[in-house]
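Can you keep this structure in mind? I'll have questions shortly.
To keep things simple, chains are lettered A, B, C, D, E and F as they appear, and every chain counts its residues starting from 1.
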Amino acid sequence: MKRQVLFLVALIIVVGTLWGGLSRIHQFGDPGAAPMDDYYLHNAQAERSANNIVTSIVFDYRGFDTLGEAAVLFTAVCSVLVVFRKGGHN
Amino acid sequence: MNGVFHFFILALITVSAFFAIWFKDLLSSVVSLAVFSLLLSLEFYVLQAPDVAIAEAGIGAGLTTAIYVIALRGCKALKKSGGERR
Amino acid sequence: MSWHVHLPALVIAVPLLGAFIAPVASMLGKVARNFWLVGVSALTALLSVLLWQQVLTSGTAIYVMGAEAFNLSLPSGMSLPIRIILEVDAFSAFMAVVGSIAAFAGALFSTNYMERFSGLDKFAALYFLLTTGMLGMVLTGDLFNFFVFLEIASVASFGLVAFWRDRPEAIEASFKYMVVSTIGAMMILIAIAFLYGRYNAVSMAAVANALRLGYAEKIALVFLIIALAMKCGTVPMHMWTPDAYTEAPAGVTCLLIAVSQASLYGLFRVCFSIYGASLGSAVVPWTIIILGVLSMFIGVSMAVVQKEIKRLMAYHSVSQIGYMLLGLGVGLLALSDPQAMADYGFTAMKGGIYHLINYTMYKGLLFLTAGALYYAAGSRNLNDLGGLARTMPYTTFMFVIAAAAIAGLPPFNGFVSKLLIYESTFAVYPILSIMALVTSVLTLASFVKVFQTAFLGPAKAKLAQVKEVPPGMLLGMSVLTIVIIGLTLFPTWSLSNLVEPAAKALVNQAGYISAVIGGGL
Amino acid sequence: MYSLSVIVRTICDVFAWFLAVFGVYVIIHGHLTPGGGFQGGAVVATLFAFLLVAYGGKKFIPFYKSSLFSWFETVGLLLFIGTGLVGLGTTFFYNFLAGQGGLFGSTVPIGPNSGVLNSSGTIALMNMAVGVEVIGGLSLILYYMFKGIRLYEESGSEETGHDR
Amino acid sequence: MIGNLPYLVVGIIFLLGLYAVLFEKNLIKIAIGVSLIEASANLLLIVLGYRTGGSIPVFTLAGKVGKMVLPVPQALTLTAIVIGLATSALMLSLIMMLYKHYGTLDVREIRRLRG
Amino acid sequence: MWTKVFSGFGYWDVYSWIIFFFIASGLVLWIRSMGRSDYKKGTEQDEIFYGANAVPEDGSEIQVPASSAYWGFVEALKGYYEKLAEMHSGLTNDYVGYMVVVAAVLVVLVLL
């Protein structure tokens, strides 16, 4: 029971400081200067000739992340198949 | 107008998240989680992110709920109250 | 443009391709599957050694995914990279070599060890995915990409820990590991979001270049440290470690060790390269040192009383992580003071990094020998074992080497790295050094117990039929044994070629940043 | 799960086609409109969840060809990483098709416009690859988790492994 | 009007999710808590990328170039959502197997591994 | 020269250690060779002395089990081990909870 109280206090401290940090990132709706994103917004259409900038980021500029993401999905499928595989010895 | 709508969605998101934890019946919790995902995808749409909104609606509200329901069915706890031992 | 420039991408792409083809290769039969498992692991190890050689000769390797040229990181008028960058300095390359050797040994071992199970096509795929995740974590120079590879490694390890799904303990260990690990990963994602929101960049070098320590950055730092320290199993976040290491198949545990080292790499990459000199106060270094000392002591004192062989070894791995945290934490403490760095900090870091490779090798070997015992004798409980030295001479020999190395007996490699850590930490605070010595003694004590009960003594009637394990498993163990003997016989060579460049690269924050941001493109 | 009434099933039949067509549309138009491989694949996989609910396991499981869908998954992944590897002449994941004419090689006018379907190079190709992969992967997860429910009744498939 | 309210919502969802993981004793509830934490991370990324009055970063749906919301967080969130689905699916599979082995969903009875 | 490891405080040399080891083991073997030479294999000289009782056939009857090893050590540190065992409770909630507690402590320390 003492442990639960400790966890509750820790939880409140962590989330409180987290919220303090969140409100110090930047004001909502005002990210300020965004050089990386503005580069995409201004040049992605000309460079990669895709109208959807998000897709051109997902599959081109950050395509490697997407490969990793597809690999995570593949991993999850393999893991679920492992957990529910038909058993029996070889 | 837009601000009020936005405020309303944020409030509903919080409430549905709270109910997802609060309900003792597991199926109600899962349905509440689905509602939460749907509202979250609406919020993404309001924040001008339709790509993510479609993904969240399809994956969060659709598939995740289906998987949760299958898991509940698998645990034979679909109709039973799972939270009586709180 | 020679193919050498593509090495960083190939090191990740080859095991990933291996994973995708593994289910197809398994359709061709058992031999094809085993050949694929070992062959691709060997190719990965070869490629990472080549990469390491290239990094040593020609400096930090940069690879930009999808750009017109591999090193064109910054478009005109930009001050930060817009694409995913693989940034391989000497420390990353060192980690890749260590991890891929462990993966190769584990793959060799698994060919025979896993043959009593079904679903081996999935096993091969998950094994490669775990390798991919580990290699991606150490090679990438992008924070979000680090998170993605961390998730690949995590999800693959959940599947592999639960591989023996008819054992309730395996599922239980996997579930507990999963809950803790997923929350840690989400903490990392939130920290990345913080850094992205502040600096509008996700590349490690760009964030490090722009970083000014403020409130939000401190929260991000804490989240990153906690999550990564949890992933490498420090006290008091180590509870999942004994469960997961015990229940995973032995070949996988050997690789899980390397994955925990990749998390340790992430921790030090964050502390040294991203925050670096701007870390300011000594709170974070001291936190790492205290976590390290706690891990050493609690880990080893739990290990002494265990009676299940793999669980005992898993608690030892908690305690060994403490040595690395201690060494590198002392280095971090001395980071902003050049005099202290020259006096003891650099030696401590060398000790920590040398201990990292030693630890991966001998701990991997210990888990493999434990797996061999389990395979041959059918039990992991030390009370049921006894007198196996007569029937399993090769396993006994390799176990003795690994146990002597982990206990820090001279002349083995564990002694050298522990010596460096003791002497340098003695210069800062003697009490730390004394704690490390006590830990070392207790380590020796518990391995004497294992050796005495499992290998020595009269043979038990139940174990009369035990035979030496099949050649695949022996080969897998001997790979690691050869590496340990090599490290033992040539400590100067390994220190000056493997460890020192890595330690220098870790300290050199400006070099890490300027490889992407400043100087030439 | 038992199959629902005939009305539900009929409605589901109709909606299934709409969902499938919508999913494929989302995949193919990924580089023009919001959406892409993941979203479209998820929509198509939701279709399988619908069929599962409406028809119940007894009719769904024989209908679903799991080997076909694991091939979907493998082929999608190999196509994806293969597209990345072909770019290795320049760099891994280089978009070697964009703006070159031919397959997906048209250029689009700069600024807001209605878009050209035959544009964006490997992005469209990867969208399709990922779409195929996600359809296969997500429906396999659904299928195996659903079959996992029945694992309770089956016995004799236990593996003792190394325990004696 | 809105102020920093979305950040507060992110914090609250994180709090609720972590609360569920820390104090709920039912495995499904723990899984729901993990899902909520994942959702809070996704929401945080999207909120960080919002620009007041910005339009959708898709040229087909019109909008002015200078006034678009930031696209990178959307790409990152897309990745994070799929990863979240993968972990949820695996976690629920493990829960089903745990229920098969232990016959309960109470986390206090699933502790064969300790000490 | 390339066998020495300088730690900044002293040095360690593998080969001199190994040479020393061989010299020492040679000495030991030499001393051993000076022992009695009238020992014969296969006679009652090499039987196990088991308190004049018959030696048990199965080894498990004369071996000290692993759980009894270091009994005194564990008994002496009983309070410490009870605390540790209580900490490793096996509850998933606790596993996450310790992480949150450490995070809270570290957050407070770093922000101060």
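By definition in this document, contacts are C-beta pairs under 8 Å (C-beta built on N, C-alpha and C of every residue); 3 or more make two chains touch, one makes a residue touch a chain.
Bear in mind the structure is a predicted one, so any value in this text is a computation, not a measurement.
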> What is the graph distance from chain B to chain E, where chains are linked when they touch?
Replying inline: 1
> Looking at the contacts, which chains touch chain C and chain D alike?
Replying inline: A, E
>> Which chain is most central here if centres come from C-alpha coordinates alone?
In response: C
> Which one of the chains is farthest from chain E, going by Cα centres?
Replying inline: F
>> So, comparing C-alpha centroids, which chain is the farthest one from chain B?
In response: F
> In whole angstrom, what separates the CA-based centres of chain E and chain F?
Replying inline: 46
>> How many angstrom lie between the centres of chain A and chain E, each centre taken as the mean Cα position?
In response: 9
> Between chain B and chain F, what is the gap in Å from one C-alpha centre to the other?
Replying inline: 54
>> Centroid from C-alpha atoms only, then distance chain C to chain E, rounded to Å. What do you get?
In response: 28
>> Can you pull out the residues of chain A that are in contact with at least two other chains?
In response: 7, 11, 14, 17-18, 22, 25-26, 31, 34, 36-37, 40, 45, 51-52, 54-55, 58, 60, 62-69, 71-76, 79-81, 83-84, 86-89
> Can you list the residues of chain B that touch 2 or more other chains?
Replying inline: 49-51, 55, 59, 63, 67, 70-71, 74
> Which chain F residues reach two or more other chains?
Replying inline: 88, 92-94, 96-97, 100-101, 103, 107, 111
> Which of the chains are touching one another, listed as pairs?
Replying inline: A-B, A-C, A-D, A-E, A-F, B-D, B-E, C-D, C-E, C-F, D-E, E-F
> So in the complex, which bits of chain B are touching chain A?
Replying inline: 49, 51
>> Taking the touch rule as given, give the residues of chain A at its contact with chain F in the complex, in rising order.
In response: 3, 6-7, 9-11, 13-14, 17
> Given the complex with chain E, which residues does chain C contribute to the contact?
Replying inline: 144, 148, 151, 155, 158-159, 162, 165, 168-169, 171-176, 178-179, 182-183, 186, 189-190, 193, 196-197, 200, 202, 242-243, 246-247
>> Help me check something: in the complex, which residues belonging to chain D touch chain E?
In response: 32-34, 36, 38, 108, 111-115, 138, 141, 145, 148-149, 151-152
> For chain F, which residues are in contact with chain C within the complex?
Replying inline: 2-5, 7-10, 12, 14, 17-18, 21, 57-60, 62-67, 69-70, 73-74, 77, 80-81, 84, 87-88, 92, 94-96, 98-99, 101-103, 106-107, 109-111
